[in-house]
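Both of the next two complexes hold chain A, though its partner changes from chain B to chain C.
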Partner chain A sequence: MTLAAVPALRPPEVREALIAYLLGVADDELIVGHRHSEWTGFAPDIESDVALSSIAQEEIGHARLLYERVAELAGGDPDALAYGRGPDAFRNAVLVERPNGDWGFSITRMCLYDHADAVRLDALAGGDLTPLADLARTLRREERYHMIYGEQWLRRLARATDDSRSKVQAALDVAWPEAEALFAAVAGQDMLKEPGVLAVDPATQVQRWRDVMLPVLTDVGLRVPAGPKQAPVPDGRHGQHTEHLAALLEEMTSVWRSEPGARW
Partner chain B sequence: MVTQTETLERRVWDVLETIEDPELPVAITDLGLIREVAVDGGRIHVTMVPTFSACPAIGVMREDIRKRLGAIPGVETVEVELSFAEPWTMARMTERGRERLFRHGVSVPARRGGGETGPTGVECPFCGSTNTRLENPFGPTLCRAIYYCLDCKNPIERFRPPGE
Partner chain C sequence: MPAWSQLIGMTPAHASRIFAVFRQDTKNDAHVHVGDVHAVDAEMALVLAKEQFARRDPCVSLWVIPYSQIEASASDDADIFEHATDKSYRFGGSYREQQRVMKPRRREGR
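And now, the complex of A and B:
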């Protein structure tokens, strides 16, 4: 059964809220996948080069499946959703649009993001919308390899040298508050309660994610930034972004824009 | 008595058995990618279970299935649906599929269990040794990891099922 046929999704406001929610997840996957792909040819060793390329391919593939679900609800074409929108229409969290920076930042972001994604997919997988729950369960089990990889590297960097530790700590100071914003509500979030889209609400999800991440970080002597944040994190779920997203889209969509509608 | 529908369904399965994964020299039926074939008059509905949901070969295989089944006399429409209701596991691969992959040079986990480190270890498809070491859990495709054979000194591709 397609999502469009689910009776609980008939009210337009419920449908709009679900579209916004799925678009947030799909955009996160596409943008983080694109960032990972920028390591192809530049990673510190050939194993990492293959790993990041493979993880990039998988995240972008997951994004495509999610855009297909959005297209079922909103109409339109999954490719146009991925390549045909401007930065204001993107709903990804700003964490994923940040440039890769050094290896330490990329690994720290990957580790925080993949663990958050796993918690979020668990919530969808336990929900009442069967077509979405089935898909989420599939994506969730595929994330396992990414999580193992990111966590192994994070532990390695945190324990290697003073230099690598300080880079990972600096990355965490920036990435932690932005990773929390992965769980920010989308427009109309409350509308998703009645049809039981999520088995766990975002406020509880963020707590679960912290409960998973904190023991890993403290185990390797990293500390989570405490106290008031220096600057508020732009709300990507409502279309607020940094200048980095526009630059990323400019490059990522250049081929598609050169010949819209071309078949490859 | 064999009905027309049964005959057509048999014919559909026969054709499916000749379609290969573009990334592996094995029939899609031996990989266990086809869950169901439903025949309604001239309308064919195929339910497919991908190994990895993001596998870029899925699109190619769906198109192959549509074209090849569409060419069978009496077939009017072909729909190929991707299903995530049941996850793909090693148990879906046939023993013949396993053997073909192994002969092609890809080490393959046992059909039961399916984990990366079974009790017998990862077998080298070149010399048969299980004295092997994981080099990279990621490989040239989503479904392959890289091992190294410590006896014959060859790198090995290992079929990697999705995490349990």
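And now, the complex of A and C:
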């Protein structure tokens, strides 16, 4: 059964909220996947080169599955969703659009992101909407490795040398508040609670994520930035982005835009 | 008894960071050496090996072992594996039952 035929999703406001929510998750996966793919050929060793390329393919594959669900609800073409929109129409959190920077930042972001993604998928997998719950369970199988990979690298970088430790601490100071913003609600997200699509509210999800992350970080002697944030994090879930997203899309979509609608 | 890493000219520091990876395709197979990964410890070696050696081929289990832990027979000692007298009685190839077991495998080109 396609999502469009699900009775619980007939009210237009519920449908719109679900479209916005799935688009946010799909955009996160596509953009973080693209960032990982930028390490192909440049990672610190050949093992990580292969691993990052492989993880990138998986994230982009997940984005594809999610765009297909969005297209079931909203109409349109999954490829056009991925490649045919401008930066203002993207709903990813700004954490994933940040340039890779050094290896320490990429690994720190990956660790925070994939642990957050796991919490998010768990919430979706526990919902009453079978097609979405099944999808979340499928994605979760691959995400488990991403989570282990990011965490094991982070643990080693944090403990290796003063230099590597200070780099991941600096990365964490930047990435932590932006990672929290992964849980920022989309417009109308609370309407997904009643039909059982997404029974876990954002505050509970953030808490679950912190409960998993904090022991990992304190175990390796990293500290979570506290106190007032320097600048508010742009709300990617409502289309606010940094200039980095436009640059990323310019490159990522150049082939698609050269011949829209072409079959490759 | 020399260390394998010495025989192939690896420094001890290098040998402790190169891990031999053994993959088991199904539960009925032995773990087979399929290649190596660089890693700072065994746990990380397993994480990396999963993506290097199990992303395409079937796999149910991986082992990793640092080269520094592999002891080897000396390469100039190859004589020790040669038989000086006829030992064909050890092969048992003339048993009918064994031929029955071995034949289909040979046909598969193993």
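Everything below uses one rule, namely that the second predicted complex is superposed on the first by the 263 of 264 C-alpha atoms of A that agree within 3 Å, B and C clash if a C-alpha of one lies under 4 Å from a C-alpha of the other, contacts with A are read in each partner's own complex, and residues count from 1 in each chain.
Throughout what follows, a contact is a pair of C-beta atoms (placed from the backbone, for glycine too) under 8 Å apart; a residue touches a chain by one contact, two chains touch by 3 or more.
All of these numbers come straight from a predicted model, not from anything done at the bench.
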item: Superposition on chain A - do chain B and chain C clash or fit; value: clash
item: Which of chain B and chain C A:R109 touches, first, second, both or neither; value: neither
item: Chain A residues touched - chain C or chain B, whichever exceeds; value: B
item: Which superposed partner A:A51 touches (first chain B, second chain C, both, neither); value: both
item: Touched partner set for A:L139, first chain B, second chain C, both or neither; value: first
item: Which of chain B and chain C A:G61 touches, first, second, both or neither; value: first
item: Chain B versus chain C as contact partner of A:R91, first or second or both or neither; value: neither
item: Which superposed partner A:Y149 touches (first chain B, second chain C, both, neither); value: both
item: Chain B/chain C common contact set on chain A; value: 47, 50-51, 54-55, 145, 148-149
item: Residue ranges of chain A in contact with chain B within the complex; value: 47, 50-51, 53-55, 57-62, 64-65, 130, 134-135, 137-139, 141-142, 144-145, 148-149
item: Interface residues, chain A side, partner chain C - complex; value: 45-48, 50-51, 54-55, 145, 148-149, 152-153, 156, 160
item: Complex interface listing, chain C residues touching chain A; value: 37-41, 43-44, 47-48, 50-52, 55
item: Residue numbers on chain B that touch chain A, as the complex places them; value: 52-56, 83-85, 87, 135-140, 142, 146, 162-164
